[in-house]
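Take a look at these structures.
Heads up, the next two complexes both have subunit A, just with different partners, subunit B and then subunit C.
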Partner chain A sequence: MKPRFRQSMNWLHTWTGFIFGWMLYFIFVTGSVGYFENEIDRWMKPEMTIVNQVIDEQQVLKSAEYHLNILAADSPEWYISFPAARSPFIGISWLQLANSETNTPRAWQEKNLNPSDGSAVDVRETGGGRTLYRLHYNLHYVPKVVAYILTSVAAMLMLISLITGVIIHKKIFIEFFTFRSKKGLRAWLDIHNIFSVLPLPFHLMITYSGLLLLMGISMSTVIDTTYGEGRKNHNQFYKTAHLDIKERQFLELPPSELSLKSVLEDAGNRFKKQKLSYIGLKSRGTKGEHYDIWFDDFEGIKSVSSVEYRVKGQQVEIEVSRSKVGKAASVYEFFEHLHEGLFADIYLRWLYFISGLLGSGMIATGMVLWILKRQKNAGKPNKIKFVELIERINVGIIIGVPIAIAVYFWSNRLIPISQVTRDEWEVHSLFISLIACISFCLIRPKQNIWKEMLWLAASVYMLLPVLNMFTTEHTLISSIQKSDSLMLGFDLSMLFFGICFAISGITVNKKSTKGITTNNLVPSPN
Partner chain B sequence: MIFSEPVLIILLILLLMVGFTLLSLSLSRHYSHVTDKRQRLANKTKLLLRFIGYSLLIISAIISEKVWGIALGGVYWFATTMLVATVLSIILTYKPRWLSFIPLYFHR
Partner chain C sequence: MTFFRNNAVSISILIRVLVALCGGFILANLVAILIAYLSVDNKVDGIVAGMMVSFFVYTAVVILVFSAKSALSASLYIASFCLVIFAVISYIDMVAT
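== the complex of A and B ==
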């Protein structure tokens, strides 16, 4: 490889990484958290009752319908969700239409059903795990389209960083497994290599698929020229491109008997091996009223993902969507499934999550390396000041983002349930604490910031199970007794992360005046 | 399949672990860390280690495809290689002596 080429790849790697480094770190952390979105939801809605035993689906349907008839009499869309592996709850939700007389806005409402007595439980207003993970592409405080464009550009630069990183990481097969950790710059480079090279398949997949998922925005001009501008034309494109291959069949059932009950029965008989996830009643009360059924199995080229029941003419028709018409749409869907990992079992899910965290670590160590290299070649005092500023903000973000996420969880327990906009304030507190962390790092003495931030992170995570215990009836013991594995898993994971931060805080060498260069984060082997 | 899924996952991990370990030992840098400095990596040993190593990787890929299909099987295979490579690099960095029994076996 020519030295000039390698140098320019090095330059490109450094600067594409630098431009959106902080935002990409935020995206990777919040995205990784998303692989446990359901589990986080469970913790953030502690009022929900766990369904541990086998339930009678028809019985559940009956009590769900009972509540929906009272609460959602005018609603055009009803959904009833059944217990699934990662969401062992019974829930009802409906679209509440805007009503100018009673001043109610258009909103989705949901309630949790208690399986033992069929009663409806009020669940606190919260963004939950879903909002947290959506931050990784919707960002916040900006219009969605702006966020998509920013995220898309960041992903493109990420891809360039990855590929240039592979190019400059020569000696792939001599160094693949060698990560000699010594002190100083070399140690940080070694860690950066571990975090980058070992999960490389994941990094390439997640970045490329992420770009694909946003291609509708980043390449929207292509749709403009072929279908025309504007939302309506773009929707037409999506409808055509993502057309499903549908199998249709008429049922023996008379149209008058088409109801939630009969749909549930027919679907259960037809798809015996599939576990029911949702049943939905859409366009309720109109001529186009139809029923949707979803199953728990998402990926799987051969499994059914959605089924529709509707009245056509004098008969009831069932429409099963199996796969896409277009090959391009199939490829897109494959990458979408890979990115979202909805198909993943517990083993793959933890690997997805850990790979995401390693990716965050890759970005973080990259940012640290940028600082170290510039400290080594320190020159004019202006430049030194600038590098120090970046260094401080670095720490604020690298440890601050995890702290902010923990604060999001704290706010879920501390903001009063009666507060109307509590879901918005949960997210506000995430960003307020992030700003606070960065500000903290800007004012504290430079040699202390890593240690203090790590201890802050340790406390805020380790105390979460304690907070849970004091603000709800869920303690570690009670979760074990009730077999509430999601609640228990969350509490224990928070404890584990807190301990990891504490260990890091202990091993950070406070005495180093050079800040992080003589950091003992990775002890050298014998 | 005859075995349950957790068992198959463990099998995949074991096959890939052994495969990658043998492959890493076929590199002289790692071989010398794991053994005494006196033992040099003979050409015959190197080829044998690489042959068995790659074979195990290929076998594990075929098993993965048979059990889960090409798409999901690919995900399991790549995910497990990442896991195994990470664990192996930690062992090679901090506790290379744990692997010292392998060159001894090959030298007999």
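== the complex of A and C ==
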């Protein structure tokens, strides 16, 4: 390869990585956390009653139907979820229609059912794991389309940085095994390489599939040329593009007897090996009323088929969805499943999470490298000031994002249960604390900010299980006794992350007393 | 003219960034539309395939634009690619109607 070519690629790598670096870091961290959506959800809804015993599905259905009839008589959509590996709970949820008289907005409602007596349990209003993981593409405060386009642009730049990163690496595998510690810039570069090369397939997959997931927005002109502009026309496209191959059969069941009960019975007999995840009753009270069944099992990386029951003429029809009709649509689906990782068991899930964190680390070290190189070559005092500003904000974001996520968990316990739009305030606390972290880094003496931020992160994480102990009845010991592995796992993980931050804090402290802080990691010119 | 001479590097970079951003977006879209047009039997699937390929086109454009010898040749490359693909699409359109 010509040296000039590699040089231009180096330049491209530096700048495509830098320009959206902070946003990419935020996307990577919140996205990685999203792999534990259900686990976080459990922690943020401490009222939920865990199901440890064998349950009678028909009995559960009966009490669920009883509550839904009282709470959601006029709702068009009902869902009843059964205990699954990642969420051992019984839940009912329904779509509450907007009502101008009582001033209630259109919203999803949910309640948890106690398995022992079938009573409905109130769950606190919380954004839960879902709001947290959605942050990585909806950015919360901006309109959806703007957020999708910004995320797409960031992902596009990420893809370019990854590919140029591979190009500029002459000896990608040899360099992977080199680590020259304590040599300033080189040490940071070696860490950057390790974070990038080891999980490179993951980085490429997650970035490309992320682009695909939003391509309906970012590349919408392609749809326009055939289907025309506008949401209605686009929906037409999505409908056709997502078409499944379907198998239809008729049941020997009189249409009048089609009910939640008979659907559950039939599904139990027909799919003996598969574990029921939830039943939905959709378009209630209209002509298109039908029942949906989803299973908690996966075939490879995709969930096993979903099943629909509906009345057709004088008979009951059952429709089983198989794979996608289109070839490209199947490839798309493959990437979608890989990105979401819903099929992953707990071990693979951790691998996903760690890969995501390595990606965040890659971005963070890349940003540090950008700063160090500019400090080394800075000449004018203006430029030195500017680089210092970037450096401070950088620390505020790198450690601030994890702190903000911990604050999100704190706010779940500390905001009064009766607070209106409680879930909104949880997200506000996340962003307020992120801004506070950045401001903190802007005003403190520069040599202390890494250390202080790390200690702050360590304390907010390590105190989370303690907070949980004081604000709910869940302690580490009670979680073990109730074999509530999700609650226990969350608390232990938080302790673990806190310890990791503490160790990093100690390391930075040791280095700074030896006189090699990150600021003077740049070798002196003489 | 001295302004252009003094800031030649910055101007060259600015042009390249603009060509990469806009030219890349246009070319990626054109290629995607072409792929959609070429798959006659399943048009919807063609659109999906086109969009999926477009991101690689964009990446390639950016790499090409920044590795080209000068900003001018980079713009010429991308413009001529766009023209060719646009011509092919128009031709297919013409034949179809």
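Rule of thumb we're sticking to: the second predicted complex is superposed on the first by the 497 of 526 C-alpha atoms of A that agree within 3 Å, B and C clash if a C-alpha of one lies under 4 Å from a C-alpha of the other, contacts with A are read in each partner's own complex, and residues count from 1 in each chain.
As a working rule, a contact is a pair of C-beta atoms (placed from the backbone, for glycine too) under 8 Å apart; a residue touches a chain by one contact, two chains touch by 3 or more.
Bear in mind the structure is a predicted one, so any value in this text is a computation, not a measurement.
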{"item": "Which superposed partner A:Ser116 touches (first subunit B, second subunit C, both, neither)", "value": "neither"}
{"item": "Touched partner set for A:Pro201, first subunit B, second subunit C, both or neither", "value": "first"}
{"item": "Which of subunit B and subunit C A:Thr164 touches, first, second, both or neither", "value": "second"}
{"item": "Touched partner set for A:Thr226, first subunit B, second subunit C, both or neither", "value": "second"}
{"item": "Which of subunit B and subunit C A:Ala329 touches, first, second, both or neither", "value": "second"}
{"item": "Touched partner set for A:Thr240, first subunit B, second subunit C, both or neither", "value": "second"}
{"item": "Partner subunit B, residues of subunit A touching it in the complex", "value": "173-174, 176-181, 194, 198-202, 299-301, 334, 338, 343-345, 347-348, 351-352, 355, 358, 525"}
{"item": "Subunit B - residues contacting subunit A, complex", "value": "5-6, 9, 24, 27, 29-30, 69, 71-72, 75-76, 78-83, 85-86, 88-89, 92-94"}
{"item": "Complex interface listing, subunit A residues touching subunit C", "value": "4-5, 8-9, 11-12, 16, 156, 159-160, 163-164, 167, 208, 211-212, 215-216, 219, 221-223, 225-226, 237, 240-241, 243, 325-329, 331-332"}
{"item": "Complex interface listing, subunit C residues touching subunit A", "value": "28-29, 32-33, 36, 42-52, 54-55, 58-59, 62-63, 66-67"}
